[in-house]
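Same chain, two partners: subunit A is paired with subunit B first, then with subunit C.
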Partner chain A sequence: MANPIEAYVNGLRETRWWRSVFRSGSGATNLHRSLAVQQNIFMHLFSVKMRRAALNFNVTWYLGTLSLTTFIILVATGIPLMLYYHPSVPQAYADMKDLQFVVSAGVFLRNLHRWSAHAMVLLVFAHMFKVFYRGAYRPPREFNWVIGVALLLVTLFLSYTGYLLPWDQLAFWAITVGSNILSAVPVLGQKIRFLMLGGNTVNANALLRFYVLHCVILPLIAFLFIGIHFWRIRKDGGLYTGRSKSNE
Partner chain B sequence: MSEPKKFSAALDSDSRRTPGRVAFVTRRTSPYVKAKDDALVMTWPETLFRAAVAVEALGIVLVLLALFWDAPLEGLADPMQTPNPAKAPWYFLGLQELLHYFPPVIAGVLIPGMVVAALIVIPYFDINVEAEGVWLRDRARRLRIAIIAVGALTIALLLLQVWAILTPTVVVAGFMFLAAATPESPGKFHRWLVSKPLSFWIMTWFLIQATVLTTIGTFFRGAGWAWVWPWRG
Partner chain C sequence: MPDEKDTPNIQAPTRSTRRESFVKLGLGSMAIAGAGASVFGYEFLSPNVLYEPSPITNAGKPDRYPQGSVTADPKNGIYVVHGPQGFYALSAICTHLGCLTTWAPEQGLIACPCHGSKFTPEGIKIEGPAPRPLAWLKVWVGEDGDLMVDRSATVPAKQFLRA
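Up next, the complex of A and B:
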């Protein structure tokens, strides 16, 4: 206890107030370390122990963790962006200009949101290929792979709906090109496109629909599926670490 | 005959009648049994500390990107003024490139639909789950099927003159047939190729194909979707 800061923190952790917040208590024993995971609502999806081999960088390249990181950054930057944004034509574009010239750190906020979105699409794809090439999709993890494919589609759709929101030429025509592909679906193509856009062209209705999808519906679906995805990792026997030697 | 058995095996869900259960775990059936002897570490702090480092490293990279590189913002959306070329977001440019070669119902609906369906069923095919080199068993018959499939695809792509798809197909198929031709080669790379199952070859083909098409759509397409060299203005 030579370090006064460490001594102070350790003392703080013994106070009644601290103990009322963190139910597990504190200490360097394995019991306390187990409780720190098990008794924490955010951590209790993890098991209290993991295979050492699963922590090896080459096993996962941490791509799942990094995908989640981008998602958290996107929520954290997306909510402040919503405070400065009206999903209406042409106010949406004026709000982009306000972010650029009026709002403090508005440019940074938008930049971080956009680059994180691109990074998330890349990382989720990379995660999928890494899982495939390791063979981690094999039973009993097959359904978690399917949830992963659903999460990939949700990620793409999240990024796609967000793409329209700045309401500039880039956004408008990218969504027009993308939604035209939908019309090629036999029989139902025009109807699906009409349902998605709220009209026959990309207009103010489409902006509102994409806004609601982007800020409410798709993030909720993503939250739900990410929760199931993590829970299934544990239920299916933890991170896949390759075949153990005893099996050969 | 021998005397009657002293026990009987039965399935029963009535816990009052049969309170005790016995489970027989046979060899090679349970991953939990296989992993029993692996070394364990505490999730806190070992795992969570590493995860925090990964989160912070990526966070720093993204913050630096956001500080020094501005997100694009063009003029106000104008339905009357179509830019040339009008491009979808980058992750759909592979699809847009496909639309350049094939009719929309094939490139925009059939192919992406088949890709999603194929991704979903991957873990449900025993041939994927087996993880055995594709040429290690039944080689002659599999080789015949592969030659017919790759041959038909190559001829179709040649007739349609779709070089962007033909080239990766020929390259991946070339490595696959290399593995098939000399399964007993001593080379390390060769042995690695031979050990690869069919699913590896298909996924690798898809990965290279998607990368090539997306790259072409992003950097090599200009006005009227004509070919341009990105380093020339």
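Up next, the complex of A and C:
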């Protein structure tokens, strides 16, 4: 017979509590497989079937998945970093240094967060170039391209707001320069800058506002748009494979 | 009920009108609530009290500054200059994108580290992307004889203070 571990797992999947979570059961029919996707809140964003061609590396270079992966890494490393970081002028820089030199594994989490942030910006741009040059933005996927542009902007804002948090010279002057660029917006520029910084200079209010934007508001917007983005892939007929249906 | 056929024809538009007016009422309420929330949000996000440093700086006694000197005060973002025609103060904030400039005595110039703008000790741009000369700031002699500088008040260039 089958090995005992497999038998045990199969038995487990027939138990009542397992079936209460995964209702579709362990059958190997197309119906079971469809139900397994449809009845899972995370999987149901995706279609139950996809074209084999869409799995080909050349179609996407997996850039969208890689962008999502860096985002997940950023959430997973960012939340522990919040436990040691106080977004206040006297403490922010010292907390960042503590994370580097005092906190166990702090430097690992911080560097992983930093490198993933750089990687995410790179991957999101690469993803957009890939989509653009393959023409995958064309109807019926034009709205998903717009969602993608929104996600690019959210990525850049996340990057920009996170840049201030170490509260070192680089951060301070980068945000000073960036907020002065913002104030060049016609008519409303100075007002937007004042609201964004919570004052006239990059100071305690700006640090706190950027922290809240970086840790709460922008990630929530990102989650929302990522959800729509993935759902739209299914609704728009799956990944663009660059072939007409008759060729498949 | 003289004519049964007329009844639904009369009622149907009445019902839809009522529905439409409820929709209008609902949308109107939401518009008012949205406008109120926008005003509230804007007011909430604009701080009414700012704990920013005072724009007025006490720059000390005028004799601290020898003739022909340019003295940087990076903490307050100003230069106090004692030129041949008298004292004046310049903003050290670059007019390009707000970086803090530095006095480079070996070149006799004010230089911005961010994008390379350079200014004369009178604030006139000689190089780089800065769109305007450095601002001349209001300077006066305080009650106890100290030089006072107000960062928030600009004056036309070439207003010298003799002290």
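To be clear about the criterion, the second predicted complex is superposed on the first by the 242 of 248 C-alpha atoms of A that agree within 3 Å, B and C clash if a C-alpha of one lies under 4 Å from a C-alpha of the other, contacts with A are read in each partner's own complex, and residues count from 1 in each chain.
The rule is short, and it goes like this: a contact is a pair of C-beta atoms (placed from the backbone, for glycine too) under 8 Å apart; a residue touches a chain by one contact, two chains touch by 3 or more.
All figures in this text were calculated on a predicted structure; none of them were measured in a lab.
A.B. asks: Comparing subunit B against subunit C, which has contacts with more of the residues in subunit A?
C.D. replies: Subunit A has more residues touched by B than by the other partner.
A.B. asks: A:Val103 contacts which: subunit B (first), subunit C (second), both, neither?
C.D. replies: neither
A.B. asks: Kindly classify A:Ile217 by the partners it touches after superposition: subunit B alone (first), subunit C alone (second), both, or neither?
C.D. replies: Neither partner.
A.B. asks: Check the residue A:Gly199 against both partner chains and state whether it touches subunit B (first), subunit C (second), both, or neither.
C.D. replies: second
A.B. asks: Tell me the contact category for A:Val177 with respect to subunit B and subunit C: first, second, both or neither.
C.D. replies: Both: A:Val177 reaches subunit B and subunit C.
A.B. asks: Considering each complex separately, which residues of subunit A are in contact with subunit B in the first and with subunit C in the second?
C.D. replies: In the superposed arrangement, which is not itself an observed complex, subunit A uses residues 173, 176-177, 181, 201, 203 for both subunit B and subunit C.
A.B. asks: Please name which positions on subunit C make contact with subunit A in the complex.
C.D. replies: 42, 45-47, 50-52, 97-100, 114
A.B. asks: Show which residues of subunit B lie in contact with subunit A when the two form their complex.
C.D. replies: Interface residues on the subunit B side: 28, 31-32, 34-35, 37-48, 50-51, 54-55, 58-59, 62-63, 65-67, 69-79, 81-83, 86-92, 95-96, 99, 103-105, 108-109, 116, 119-120, 122-124, 128-129, 131, 199-200, 203, 207.
A.B. asks: Hey, which residues of subunit A end up touching subunit B in the complex?
C.D. replies: 30, 33-34, 36-37, 43, 46-53, 55, 62, 65-66, 69-70, 72-73, 89-90, 93, 96, 100, 107-108, 110-116, 118-119, 121, 125, 128-129, 132-133, 135, 137-142, 145-146, 149, 152-153, 156, 159-160, 163, 166-174, 176-178, 181-186, 189, 201-203, 237-238, 241, 243-244, 246-247
A.B. asks: Sort out for me which residues of subunit A touch subunit C in the complex.
C.D. replies: Its residues touching subunit C are 173, 176-177, 179-181, 194-195, 198-201, 203-205.
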